[in-house]
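Structures follow.
What follows is chain A paired twice: with chain B in the first complex and chain C in the second.
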Partner chain A sequence: MLTMKNVSKVFKTDNIQTHALRDFSLTVNEGDFVSVTGPSGSGKTTFLNIAGLLETFSSGDFLLDDISIQQLNDRQRSKIRNEKIGFIFQSFNLIPDLNLFDNVDVPLRYRGFNAKERKQRIEHNLDMVGLASRMKHLPSQLSGGQQQRVAIARALATDPRFLLADEPTGNLDTQMAQSVMSLLEDINKQGTTIVMVTHDNDLANRASRKIQIKDGRVSELDVVVANSQAIA
Partner chain B sequence: MFFYYLRLARISIVKHWGLSLLMIVAIGLGIGASMTTVTVNYLMSANPIPHKSSQLYNVQLDSWDINEPYNDDGTPPEQLTYRDGTNLLNANKAFRHSLQAQANGVIEPEGKDSLPFMVSARANTADFFTMFDLPFIYGGGWDSAADLNKQQVVVINSETNQRVFGGENSVGRDLKINGNYFKVVGVIDYWDPKPRFYDISTGAFNDAEEIFVPFAMIAEEKIGRSGNTNCWKTPEGEGFEGFLNSECVWLQFWVELPNQQDKEDYLSFLNAYVEEQKAFGRFERPLNNKLLNVMQWLEQQQVVEDDAIMMMAMSLMFLIVCLLNTVGLLLAKSLGKAPEIGLRQALGASRRTLFAQYIIESACIGIAGGILGLCFAWLGLQGIGALYGDMLKGLTSLDTNMVASAIALAIVSSILAGLYPTWRACNVQPSQQLKSQ
Partner chain C sequence: MLELGLIFRALLRNKVGALLIGLQIALTLTIMTNAIFMMQERNAQMDRPSGLDEANLFFVNNTIFATDYNQQVALEEDLTLLRNTEGVVDAIQINAIPMSGGGWSMGLQTESGVGKDSVGVAVYMVDDHAINTLGLELIAGENFSINDIQWRESSQTTWPAKTIITQAMAESLFADDWHSAVGKTAYISQEQPMQIIGIVKTLQAPWNGWDGVERSMLVPFKMETMGSRYMIKTEPGRRDELMPIIEKALADSNKGRIIRRVTTMDDIRERSYRGHNAVNKILSTVIVVLTLITGFGIVGLAMFSINRRTKQIGTRRALGASKGQIMSYFMIENIMISSFGIVLGIAGAIGLNIWLVNTLSMSPINIEIIVFGVIVLYFVGQLAVLYPARKAANIPPATATRTA
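Up next is the complex of A and B:
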């Protein structure tokens, strides 16, 4: 599903070149739940951004569903992001001016669904995360855990096959984090491929695959192929 | 998506009302100032008789002093002498022609309680009414026989008709002007071309006259002559007769020439006339006759004055300053919206889609700014009206063209102001935008 081969990313300033990823190679298969760990600055988020087509890379090959990403223009990349990928961010990234309904509506608008279809999907996904009754609330009226649930509902609204989560529990307390993690596990069981960046080893161990990144390279691949239920 | 973008624009404008208000006021001030001056210039330079302005020609003959030109730029006098005016009239070489001068009179209405009042008058020949398309409510103009026979007839405007005859059909009734009785032959509806192209010697933006009498009434001294008179030498004869035979210019002569050939023929006639007059010791200056149509005439006479153009240029520069201010404010706003822009890209919005969304928001701000600008422009025009009084009467009102132009200018301006900030915001990688969350 996702194949990166010798992908490098170099950030250049006037005099300094920073290698965020070096010859990074990884394959993620359909249905995987991959956790990505590593120290700060190791390149986890850069990897996730490249995987999510939010950032370009300097060299190497990156195939998503056998499509070579390097050749795509902005419009094609946007279309893939909208149709194939869902994002969950550490800081939720809900639009503060829009209520929950309108926040979940955003990717559906870009997908071009009609009003009826959009409403159905919004209600279904908010219901799935237990917030159907609060769809007219603004994000500021919700707790952190609830906001992350809305972000998950938004990420799933377009039925993506690939969910990218960047520290999805980083801003949540333990109880909330467990709740969000359980939700992600359920989503994975339903067939959605998940790649999750985390600092939390306990959560990382709940994934079906675990990789570690260090200095922009995969330092340990498939450290754990766990029975997530047993670890939990 | 258009209505979705409109909704997002409304939400954004309301949410960031402080910044939005600053932008709307900035655009409004720029539009208000520029539309005030543009309106005055637009009305000043408007074509007062668009359907036939290219067929109506003002006649200029250079009868001036050989030692000193009439104008430094070499243009001949804008008026004619009585002798030349009547000669050209009698030659009858144009399709239509009108010899005319500004005049005034005192009307003495009938009735014990009615007081005499002064009116502005025009002494003109018969074709004046058909050449300049005066709209009649009752009757019509007089014919050339009335000019020849020096008939005491008059055409009055509707206001005078209302004042003297209570608005009734007054055709055939007598009107006492300067102690002489004139028979009313026509009543015209509102007619007030701006600029008053047919006689700009006493102000291009003065009101049209209230009554019209045959030109011969001036020579007959049945009506008082007024308007501008310029002489380069002292009249040789005595009294009014001497003035009429002098080299003083004070008459306007217009001809209607339906096509280019007619124009060329008439210019040849004018040249021949001047050559003929040279034999009598007149027209010592080189041949310098002009035959300018309405718009050429207004341009030559610089009806739109340089300081009005300068004022307009300055106000347009002020608009640019306001727009630059708006660019700065939009940049500040787009910086604040960076995370949202990145997020929308992550959720599937292309740069083009985002560009459309934020340009529509800019256009909405522009529309609001345009409406505010129209209010400012209206206030500005009222201020100019109050400052200059009757001098610019009729030039201080917004017409539909100007309203539409103001809104269009505001939208275009705001879109232009929004282009750079929007382009800048949409061209950062989404990951960079999301980092700023």
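Up next is the complex of A and C:
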């Protein structure tokens, strides 16, 4: 489903080159729940951004659903992000001026669904995260955990095959973090592939696969599920 | 798919900036449309034909200082000299210059007697060469004959028996059928009869701001006066060449007077409408400055909005928005703000115009000007938001994960 082979990412300033990823190789199969851990500055977010087509990479090969990402232009990358990938951010990234209904509506509009289809998907996904009754509320009227649930509903509204979560519990207390984690586990059980970046080892251990990144490389690979494999 | 509803609802939650820009657009439209309208009215006034062959006309002032000056003899000699000068088509003595700002006016009425309604008219005292010299178009009746011309002393209060009037004057005197004016009698100084023997199409009065500027009459007088003017018509293209020649010839022919102010009708027109031109320039400047301020205001608001929403834009990109969709967002947002301002501005423009009509007797504004103003402001809005929108579109999607 996702294959990165010798992917490197170099950030250049006038005098300095920073290697955020070096010959990074990883394969994520359909249905995996992969946790990615590592110290700050190890390249976790860069990996996630490249995996989510939020950033380009300097060299190497990256296939997503057998599509070579390197060849795609910005418009094609936007389309794939919208159709195949769902994002969950550490600070939720809900749009503060829009209510929950409209927040979940945003990616559906980019997808081009008609109003009836959008309404159905919004209500379904907000119901799934237990917030259907609050769809006219603004994000500021919700707790952090509830906001992250809305973000999950938004990420799932387009039926992505691939869910990328960047520290999804980083801004939540323990109880809310557990609740969000349980929700992600349920989503994974329903067949959605999840890659989650986290600092929290307890949460990372709940994933079906755990990888550790250090200095831009996969430093440890813990294969938990039999059909998962990785090229280090 | 367009995000109209989402953009509108987001705008409603951040309405102060949008409201202020909307009001600025409204003010700009209000002032712009009425300023354009005022300019158009001035331009229309400036474009009115004077009825004269302006390009080939000039006049000179003849100021007599000699005590033994025989005015009648000198005038005939001067006119003979002028009319016989090579390159001169014709010449007349005239008491006032159209558009110059100074002249004579009287009242004409169709019934004799004190207290009867009269119509104000500019009086030009001329001889039978006037129609040819001034280049007037005689559309009915006939010209004066040489026998119609009388000498007028400076204190004289009686008037000749014949007159030629303009079409506008004929329409004012005989509203039902101005064509029938020829042969009819009008009364000047309330009871002195003058027979209308001809109608000329156009001859403007000396006062361009007068609402009866088209109402003039020719009176067959030669004036015995210490200060008079000669209007000279030259062959096409020879005016400037002949002006100094004629000035010198007149000055040399009689040392008892001064020839001065040799002036073309083009100069008179320019001086006459100098105020109009100045006001038009001021109004143009106001329009341009206001429009620029509005444009910069839109740029400022959009830039502020984009800087405030950088992460939000990155998130939208992460959720699948293309660069084009991000640009569209801000362009559509601007259309919404502009539309709010434009609706208010249309009401303001009409309201201001109604006030101007009621207080300054202006005519009602043309709908075309409002439509023009609306198009200009939509265009300026879209142009102003183009750079900020492009900047927003270039915010990388990774901003969603890399900013706090």
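Some points to look at:
Methods note: the second predicted complex is superposed on the first by the 222 of 232 C-alpha atoms of A that agree within 3 Å, B and C clash if a C-alpha of one lies under 4 Å from a C-alpha of the other, contacts with A are read in each partner's own complex, and residues count from 1 in each chain.
Keep this in mind: contacts are C-beta pairs under 8 Å (C-beta built on N, C-alpha and C of every residue); 3 or more make two chains touch, one makes a residue touch a chain.
Because the structure is predicted, anything quoted here is derived from the model rather than measured.
Superposition model on chain A: chain B and chain C are shown in a clashing arrangement. Chain A has more of its residues touched by C than by the other of chain B and chain C. When both complexes are overlaid on chain A, the residue A:Ser143 reaches neither chain B nor chain C.
In the superposition on chain A, contact of A:Ser78 is made with both chain B and chain C. Of the two partner chains placed by superposition, chain B and chain C are both touched by A:Arg111.
Contacts of A:Thr27 after superposition: neither chain B nor chain C is touched. Residue contacts after overlaying the shared chain place A:Asp97 against chain B and chain C alike. Once the two complexes are overlaid on chain A, the chain A residues touched by chain B in the first and by chain C in the second are 45, 49, 52, 54-55, 74-75, 78-79, 81-83, 87, 89, 91, 93, 95, 97-98, 106-107, 109-111, 154, 158.
Of all residues in chain A, only 45, 49, 52, 54-56, 74-75, 78-79, 81-83, 87, 89, 91, 93, 95, 97-98, 106-107, 109-111, 154, 158 touch chain B in the complex they form.
The touching residues of chain C, when paired with chain A in their complex, are 1-3, 5-6, 9-10, 13-14, 311-312, 315-325, 396-398, 400-402, 404.
Residues 1, 4, 11-12, 15, 339-340, 342-353, 429-431, 434, 437 of chain B are the ones that touch chain A when the two sit in their complex. Interface of chain A with chain C (complex): residues 45, 48-49, 52-55, 74-75, 78-79, 81-83, 87, 89-91, 93, 95-99, 102, 105-107, 109-113, 154, 158, 166.
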